[in-house]
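Only one structure is covered here, and it is reproduced in the block below.
Every chain is named by a letter (A, B, C and D) in the order it is written, and numbering of its residues begins at 1.
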């Protein structure tokens, strides 16, 4: 059996979620815009899911816009807000945002926008005071992620949100990694727009949402039949949305207990892994997602480590240059101040609700020898011996 | 039991499709970008589905970009092409395009684009010569749908495609209704971009694709991790795409036989329905989708007809003003030259592969009395008696 | 199950109350909705109650329109049957919507069609009897006449004349 | 199953051939990939064949890099072991890629690292022996020296010096 420890990349659909989805494929398969029974049943299911998703972040259901995932939500938040408010052309983000925030901003930059990229400290924390200083009269929005997907660091978004509210600037947060994992309250945190994705919380892929605070206007990415209050046209993915709703409902119930259990597992994993020579932890030691651990190993390369572990039946990931579609190593690790070659040997272990202590033990059993083996191949091995 | 005759709105997922999807929710649930076995298995499934979808339109697999559905595909084709070729600012469409083509064009119009909307004849046919006349030196693209979603009329797109190719103008076709129903060959038809949607061919909702002829550059709607050759970022909806692929493979095998059978059912339905006094057929008598029939009934209103039939356990639809989110009746019916009040009483019956002769008979049994009953309520009834 | 229409709307639509025409009506209201092309005709039979006040003894309707148009037509007849004219003039579209347990926002205009038809029928009765037309009702009548041009055009196309 | 890597790449990665170092090498090539920071060291033991031609009697490598870097390292040692120097200089990156059954496009550069390391090792051997360096090889050496500055920086940070 293979052990899956890559829950930050995606998660297995919870059997309870799949069960909730099943009737909506071939039985209650109507188009939610249709007037007849099939359509009205689909519409009811959509609205039920909307309530469940809203409940997880303490928003009103009508403030939830269903999308195809986190990437679309981020694009809609950023471009949609930019198009709707063309008089303000300055956006503030952090250096460790996900590509799905970075790239839309880069694109806007080409179209005359000024993008301020705030640095982070060595733990990956954004300084709220730096946000405050960066806000200008022409600032449209601040987009700072809630928790980082690679290093798990949780940003002080309630403070950042308060600053944005005081300065009358829109605040968007990419909560794809935190949604359903740690508590979110859009009012208490002064969030105007929030992105979430179903497949990170044991829901199906291809569904996500954007929370849009009442009264905020956006220009849609997808124009058409006027679905989702005109902000996201296209026949709604009913089964997918039902699954997302169910996953959100389960998360609401089980989040606290899961977080507690996973934090303990994570801390054990960190403690044991750091016994390996020339290893370190990336990200904040405590202010991090319950399921996230990210290690650096000197003298070895991340992709090779991932594949070695895969050969041992353990699925993990890396922010290594060589694993991705570009040749650059993780911009997140570089932003922490790691050197190119330090960023090279990173290993992300991300736990999900289906992981057990046995999974951690299995990883801990093979990790030291795997690191060792790769160091054997490396020309730099003599240094550490 | 309820009889579903609204397959142009959406279709039931074929049990064979659902079966193909099942393993990709909780078992082979990996992120297709991941290096480990879970990820690589997901990637293999994606590429397999891409081949199946490509085979249905005789394209190369790498020319297929998976999206969240027909609406997104249309938006990506139109806006994506416009952004990538900003020097040409004229677009030609027909008066009967779907909202998912109309609305992106309307939006571009607000941003300085000139949109020519070509009229159609009383059957809903676009005149290829009119397309030719409308092309100008600054014409970026022509977007004419393959088959209309309301009246089923099939446009002469191979001739339109040939004209566009000769005039060196991009040709996009919204094939959401025709894909998998009638043959498509992107080369023979000179198609540069083609939109399709899974849920119209007994695949799951929330998946679609855009065919993009090799060498054509587009600017993505969703920027991010660079998925789908950088044209559509976001974690791929693996289960959904697998389902779409399976639906496409089934369509390829069964299209010819289904079309023949449905055409016969449709023609019987048309013949019998037109025996009702003051009724007529909207759209072309022969050059129409196998499963589509669209009727007009004088003196009554479409939404009321749909709900009455729903109470009889029959699911159909209307292009009536009152059924939609706007108060305007169907722009398609108006474009045929129907008057406001004639467009009011339309009924669309759209057959799918799971419909039988018994379904048609059931409709034919209740339709005359339902029409009669609504005419009873109408103040105009005395005229026709 | 959440339906775009409430159970009450669907019940009225399925079995409309007071549907049809009155042979020799004391008042007729014929209105068309300029927004969506719906048409409603409303017939009144007027009588007196024990206090000698004019009441709506009978009321019937004919409607060409959507589910909401038919349901609001049925609803208004329920609300005014047996009631005094004074009371009937006080029935608002809000009251109809409430009676139906709500309407989708885009359908609210249908309930205006129903009150308009009723007001027109009462106006028609008062005029025919040579009775005093309240100022408010006269104003409503003027607005409707203007708007009804659209409905008239529809009536012509359908082969009937509204007035 | 379609993997980003071919079966052959994965096999070489799993069990690299000729991994390690040679105690007293006749030639050493030390190169770094400026694009992604991979580093490869290649050791040669030179001998003579029956015809008296110089051959690569033994070859070993050490690599700091991704799966493709390790697999191409292993592959090139297979391709040149026992072969003449002349032959070895003719081994192209295309040949390595082909030998591995293909590489993902973005990983093609890894195969250049392998040929570079081999060329450097041969250059190092020829220089040490005072033998004639072919013009093409001299040019390759110059390019590598320039590029290797990056790798050197990496080596320093990792606590080793490349040269």
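As a working rule, a residue touches a chain if its C-beta (ideal position, glycine included) is under 8 Å from a C-beta of that chain, and two chains touch if they have at least 3 such contacts.
Owing to the predicted nature of the structure, the values given are computational and were not obtained by experimental measurement.
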Interchain contact steps from subunit C to subunit D (minimum; 1 if touching): 2
Per mean C-alpha coordinates, the chain lying farthest from subunit C is D
Whole-Å gap separating subunit A and subunit C, where each centre is the average of the chain's CA atoms: 56
Based only on mean CA positions, could you tell me how far subunit A sits from subunit D in angstrom? 40
Please compute the C-alpha centroid of subunit A, do the same for subunit B, then give the distance between them in whole Å. 34
Numbers and ranges of subunit B residues touching at least 2 other chains: 35, 303, 307, 323, 325-326
Give the residues of subunit C touching no fewer than two other chains, as numbers and ranges. none
Enumerate the contact residues on subunit D facing subunit A in the complex. 10, 13-14, 16, 19, 30, 35-41, 62-70, 106-107, 109, 154-155, 157-160
Can you check the complex and tell me which residues of subunit A touch subunit D? 298-304, 307, 311, 320-323, 325-327, 329, 339-342, 344, 376-383
For the complex, which residues does subunit A have touching subunit B? 2, 4, 6, 9-15, 18, 25-27, 29-31, 33-39, 68-72, 74-75, 98-100, 103-104, 106-107, 197, 199, 204-207, 219, 221-226, 233-240, 303, 306-307, 309-310, 315-318, 323, 325-326
Note which residues of subunit D are touching subunit B in the complex, please. 1-4
Can you check the complex and tell me which residues of subunit B touch subunit D? 35, 40-41, 43-44, 47
